[in-house]
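Can you keep this structure in mind? I'll have questions shortly.
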Amino acid sequence: MMIVMREEATPPIGPRYKLASSQFRHGERTVIDIDGRKIGGPHFATIAGPCTVESRDVLLDAAHAVKDGGAQLLRGGAYKPRTSPYSFQGLGEEGLRLLAEAKQQTGMPIVTEVMDVRDLDAVLEVADVIQLGARNMQNYTLLTELGRAGRPVLIKRGLSATLEELLMAAEYVLKEGNTDVMLCERGIRTFESAYRFTLDLMAIGVLKELTHLPVLVDPSHAAGRRDLVPSLSLAAAAAGADGIIVEVHPDPDKAICDGPQQLYAGDFADYLRQVERVAEIAGKRVAAAV
Amino acid sequence: MMIVMREEATPPIGPRYKLASSQFRHGERTVIDIDGRKIGGPHFATIAGPCTVESRDVLLDAAHAVKDGGAQLLRGGAYKPRTSPYSFQGLGEEGLRLLAEAKQQTGMPIVTEVMDVRDLDAVLEVADVIQLGARNMQNYTLLTELGRAGRPVLIKRGLSATLEELLMAAEYVLKEGNTDVMLCERGIRTFESAYRFTLDLMAIGVLKELTHLPVLVDPSHAAGRRDLVPSLSLAAAAAGADGIIVEVHPDPDKAICDGPQQLYAGDFADYLRQVERVAEIAGKRVAAAV
Amino acid sequence: MMIVMREEATPPIGPRYKLASSQFRHGERTVIDIDGRKIGGPHFATIAGPCTVESRDVLLDAAHAVKDGGAQLLRGGAYKPRTSPYSFQGLGEEGLRLLAEAKQQTGMPIVTEVMDVRDLDAVLEVADVIQLGARNMQNYTLLTELGRAGRPVLIKRGLSATLEELLMAAEYVLKEGNTDVMLCERGIRTFESAYRFTLDLMAIGVLKELTHLPVLVDPSHAAGRRDLVPSLSLAAAAAGADGIIVEVHPDPDKAICDGPQQLYAGDFADYLRQVERVAEIAGKRVAAAV
Amino acid sequence: MMIVMREEATPPIGPRYKLASSQFRHGERTVIDIDGRKIGGPHFATIAGPCTVESRDVLLDAAHAVKDGGAQLLRGGAYKPRTSPYSFQGLGEEGLRLLAEAKQQTGMPIVTEVMDVRDLDAVLEVADVIQLGARNMQNYTLLTELGRAGRPVLIKRGLSATLEELLMAAEYVLKEGNTDVMLCERGIRTFESAYRFTLDLMAIGVLKELTHLPVLVDPSHAAGRRDLVPSLSLAAAAAGADGIIVEVHPDPDKAICDGPQQLYAGDFADYLRQVERVAEIAGKRVAAAV
């Protein structure tokens, strides 16, 4: 017996994300230009700074150190998602004001996180890239607002998000017309309890096959330990990442939060040289300091 | 050689959550009273209704069926968190209006989800219990607002949230003075790909040791398949759950979303009888229909 | 445009396991008869006994207690797979001798584990059911020998084995002509660190759809804690398990290994009554004591 | 109030593995010398060859290609652990004979797997390094025999083995007096279904802190896809691995098993140059061809 079916039913449907898929741009890669700093395609970029904006001195010291060390963008959190309601929650608007000052002093574009749609306007005053944290990766109302904000967005992969879910999160932003979306692997949750999260570097190559969007790696949060950050950063560059976002502090032992995972500012320049050498072997063009 | 240390350094510090811990209430259990329906302690409660509010007829048919079948509360989503921006996102305020009508007709208290702090006031107009979805379990700004809303809250465990993280989410609500918090196990993400999520029934006994808060189970979302829902519901009751929250639809095959996991309304009464028999063996008091 | 394809290409190929699949027996379920005790199909069976055979007195006391309490088969390990080479490894052949004595005294069939193909002949002298431990689930040479041994086999699911892999392990035994294979869920490894393993009760219903083989549950190893064993046993029975295999010891506080997870022999009879009541609600026929 | 305790109770007890721990060798690293090829400490080594020994021509072609490309040791499986009993199980003793011929022709030491203690003597006739597969990582009777075999052992991490369990497996071998043990990360099982396994490169740095034993990486089995192997190999070298074990085949499209993950022999030399450049940046000494 024979059966007949319409041809359009035969081919696979393709991924559920459309605008984020590699096919959508026919193999061309998205390059995001942030005030002259390029992320994606052939470009390797480094985002560095303290975990949280904790004081004017710490932020400015860190900002100058990472700029001198060769970073392209400055990171720092004014709003901090914390597992415990009793932990330090960030300086909020005061933190944003300090980020604005650091930007003015160093000329570095700012990457900072938003947690609440009601804070978005204030964050947009200072942020050149808006970060969406791992725990908010499926906060769909926030994603939609970021899609309308007209500012580059860095989406961190959720602790147990599949790559498809990460790309669907990006799709929420892209669908609103915002094409400047970066993805960031930062460690997933596995059975292994010897470290905080398991950095999934296999995600880099697979994401770059599935999507045209840039893929960064955050080695600091995955490890939760400073001593693992350099080797994981080299590994991320070797695996083909489009950049890293790394925590650097002038005096990590006194940091308000996540001190043990932040690099010493004094070690940053040497660290970054190594990372960039590996990125070049992996075929990347390393940005000259702006 | 001998060393000397202060005794207060010896005992463990205790859990990071305080208000949620069993010690905080010295072994007494929280019982939440929602317009006469009790959840927690000796009481077993059933929350049932369609996945999403999709039309007046479907909602009212489901509401009458679950009431007649013995459920205590009515569930139904007006705002739906969806992995894809292209999926149906819920009827929104129109859905809330229909829930209000169902409540008026049946007298059943309403359980419905909020995703966005900006929708909270509208949701509070109709909801007797506000549900926080698994993907929002660590949406700390929303948790804080729920703590201030003065309405019972049902927090679903995140797909890869540890029990400690779930209890820390509850702590955000409790810290604002809202003591009516329920927890809900709804399946976690594991390596197993034969089903959507892995329902973690071991969590029930352990949560009940760690906290005084009621613990419910959602068998529908874990399975994603109707045929597994009855046996998982029996297992949840056997494992000591304080209640179940289950999806029921008058015509699941035509449901807009999650049809395959919703029970047929016509089967609900028999199903619930079985579940309640097992709950009684597990030591629970089953509520008489109100 | 229309295309034409042969109908036989349309249906899915079916599972990679063949003899273990439900289709192979056209929906009929395998019932294993062990000296009059039946496992599978409508029958619910209980296997109980100490974790390890540690002494004559302990084994015989446990054996009489579980027999009097209503268990059908006696378990006890002579060869113990241990993570550490410094842990007690079992009494070996002396343990087998004691099992033979317990069998003679009580008339209960014996379930015991084999770890090494070289011990198989000795184990076959006493075992009525040969257990393959979770860590050996993919020990293919051992599986093949068990297929040739002509004795019922109980295969424990590996800590991170998918259901398909578990069924493929069964297939190794079935392929050699041994049709008496039972499967056993005993907890999988997940991200959750609040308990040793996560008992995957969803596996029961799904396995019973995929295969005709009986499915048991081991609540003792999953929990690693005595206090969770009763509620997990009830849940297993509620979920449709064909039986449980549970650890019972006359004096668990003095047990050589896994004391904290073994039930007190004195509590066993009451415990089993509860479990059997739930099994009956779930549709099972409970064996009368032999 | 003050309490007094004996000092030896104060320090943590230390890891459960002793001979495998870093402390045991006071920070000195184990370097294994296999007929002049060194693995561990400052040395980076490459083990390459076909997945399975499938024919004389394929093996010899692969052997010459990987030798000319700069590999130090030749790998090839004569006994293959397969999930399905219907899959090709390896050539067995005929495969060992071919490996002996390849060794004679190329002078390369041989790395091959043993699955069954009964095959150990035959494998010892040809193997310079005995591989224990991931699924046998907790086959304690086999581990004990390898400890007595007096031949270097390469232990692959189980699919869901913690680092502690991996080190406990090594401890079984070390305890019998065999000090030449290498560990190998080959991908763990996680929730992510976009790839076969998740290569856990964070394990490298942590293992090198916990143990003095060399740590290798197998990028082929983790990925299951050839196109990911080069970037994962670079990442492994960047992360500080002591070597890689990689599958190479003269004609992977015709390979009997795991063809899609094997590198083309013709690409091997260029691939290895890249890997070695990164290993040197990570501080390793690359072996000159012997």
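All chains are identified by letter, namely A, B, C and D, in their written order; residue positions are counted from 1 within each chain.
By our rule, contacts are C-beta pairs under 8 Å (C-beta built on N, C-alpha and C of every residue); 3 or more make two chains touch, one makes a residue touch a chain.
Here the structure is a predicted model, which is why all the values come from computation and not from measurement.
Pairs A-B and A-C differ in how many C-beta pairs touch across them, and the larger number is found at A-B. Averaged C-alpha coordinates give centres for subunit A and subunit B that are 33 Å from one another.
In this assembly, the C-alpha centroid of subunit A lies 47 Å from the C-alpha centroid of subunit C. Multi-chain contact residues of subunit D, defined as those touching 2 or more other chains: 160, 189-191, 193.
In terms of inter-chain touching, the protein chains here all touch one another pairwise. The part of subunit B that touches subunit C in the complex is made up of residues 160, 162-164, 188, 190-195, 198-206, 209-210, 222-223, 227-228, 231-232, 234-240, 274, 277-278, 281-282.
Residues 16-17, 81-86, 115-118, 135-136, 138-141, 144, 159-160, 165, 168, 171-172, 175, 189 of subunit C touch subunit D in their complex. Taken in their complex, subunit A has these residues touching subunit C: 1-7, 10, 160, 189-191, 193.
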